[in-house]
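Below are two complexes that have subunit A in common, paired first with subunit B and then with subunit C.
Presenting the complex of A and B:
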């Protein structure tokens, strides 16, 4: 079991990267008023067909079929956590249509793991692949925060020493 | 987790993304499969990024890989040099991660005690 929900998010998002996603969107909605927590990881990677989807959701059948074997374990673990915490778990995916994983749980449930260090999760994702647009939407009852790793890229440079140094090293990738 | 932290994250991410491209002397590959993550690969990665950033090493690029198969040896890091030499470090903790940056990436010396596989091609 992963100790923090943000580690689950990282795990799922890493699979998005290996599925060739160009955009990975993590959204976290934390509502004390309605007492729920929703995590969603959505990507535009190559997606899965129905058979693969059934297989990866079933913990017991994950095995040596393919290199993607560990997708199954990761998703199954998160599903277990959701069900344990009065929540729901849903995966929507189709070939070439990307994948969307939604996990919800009751915020005040005693077994709900802490969200943990979501910062490090997003940072690791950004560092793992520069060309992928990693987005984070974080919403609470009062506030909303949006982050995108592609904002502030060389095409809209702020003229400081910092960005000048950076654009000289990153422009090749653009 | 609060919004202040998230704002800091923005700046930090932009700086660290600069670590990630081109033909650098060193390529650091983190094993980020489920088992790696469960063993603490995320903290190892952020620690190393932090140390690389602090020391201003710009001849390093970072990448990730999925499961390697050596689940009990996680967290693992592989360092690939431009000349084809590869060194794998296993069961790395935060202190080891910093040591690998200062010894291997900065001074070019393999940290012998931590390396498990060294392939010369």
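Presenting the complex of A and C:
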């Protein structure tokens, strides 16, 4: 249980970055009409195999050694929050297939933590890694907001550099 | 009471009418932290403290283990599931339950000298 749900989002998305994701997509659906809040963090990182996934989901620290390995309590705490707030919690992942964490809760549940400062969360993620495409999809009953950190950036600047380098080495070789 | 504690904790346990849920022995606590927000406990509790909470989720045991908290006191008579108790046994963490509210328990713990 964290004070704000945006901190949960930050926690999960930081894991996405550690998993080598090139794209992290945070989606938030806030529906007063249907009384639910859904948070989803989806990445194209290296993913987890079934055994790792089971271990992460049933995580409890067992002695000092595992604590040092720093397998966090993040997912376990978010799961607790979902269950406490009449929601569901789901993680889908496979090796090289990325990971998708979905958390839902009843929007009006009295124990539901506030969403908090989602802006700062997204900003921190963008600042943490300039190359990664951090996306936000925010949807309410009335409107949708979309953001991508790669918006307006020249397309695939890295490849351009590589191409330049390659062409220069080619010319040198020639 | 099954387990042997130092005199202070025994007195403390009597003062708050606490019942142990685990069979862990030789528990020593120094000071107490009270919070129901796990992240707050992760941030502010000190190793060796007693932790009083109304949360009975298994994550409580994980947090206690992470912070080297030797004993957790559940207030308002809230009892965790058997599997949570089993996990605490495994971790060597003492679980206690008291019918008192957190406020009442805190007052009595302070009176019994746990602040020293």
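Miscellaneous remarks
Just so it is clear, the second predicted complex is superposed on the first by the 140 of 174 C-alpha atoms of A that agree within 3 Å, B and C clash if a C-alpha of one lies under 4 Å from a C-alpha of the other, contacts with A are read in each partner's own complex, and residues count from 1 in each chain.
Quick note on the criterion: a contact is a pair of C-beta atoms (placed from the backbone, for glycine too) under 8 Å apart; a residue touches a chain by one contact, two chains touch by 3 or more.
Everything numeric here is computed off the predicted structure, so don't read it as measured data.
Of the two partner chains placed around the shared chain by superposition, subunit B is the only one that A:123 touches, whereas subunit C remains out of contact.
Contact comparison for subunit A: of subunit B and subunit C, B touches the greater number of residues. Of the two partner chains placed around the shared chain by superposition, neither subunit B nor subunit C is touched by A:97. In the superposed pair of complexes, A:2 makes contact with subunit B and with subunit C alike.
Contacts of A:73 after superposition: both subunit B and subunit C are touched. Of the two partner chains, neither subunit B nor subunit C is touched by A:54.
Within the superposed three-chain model, A:108 lies out of touch with both subunit B and subunit C [touch as defined at top]. Subunit A residues 1-2, 7, 67, 73, 77 lie at the interface with subunit B in one structure and with subunit C in the other.
Only residues 37-40, 42, 55, 57-59, 61-63, 65-66, 87, 90-91 of subunit C touch subunit A when the two sit together in their complex. Listing the residues of subunit A that touch subunit B in their complex gives 1-2, 7, 10-11, 14, 17-18, 67, 69-70, 73-74, 77, 115, 117-124, 126-130, 136, 138, 143, 145, 147, 149, 152, 162, 165-166, 169-170, 172-173. Contact residues on subunit A toward subunit C in their complex (touch as defined above): 1-3, 7, 59-63, 67, 73, 76-77, 80, 84. Residues 1, 3, 5-10, 12-22, 30, 32-35, 37-38, 42-43, 45-46, 49, 58, 62-64, 66-67 of subunit B touch subunit A in their complex.
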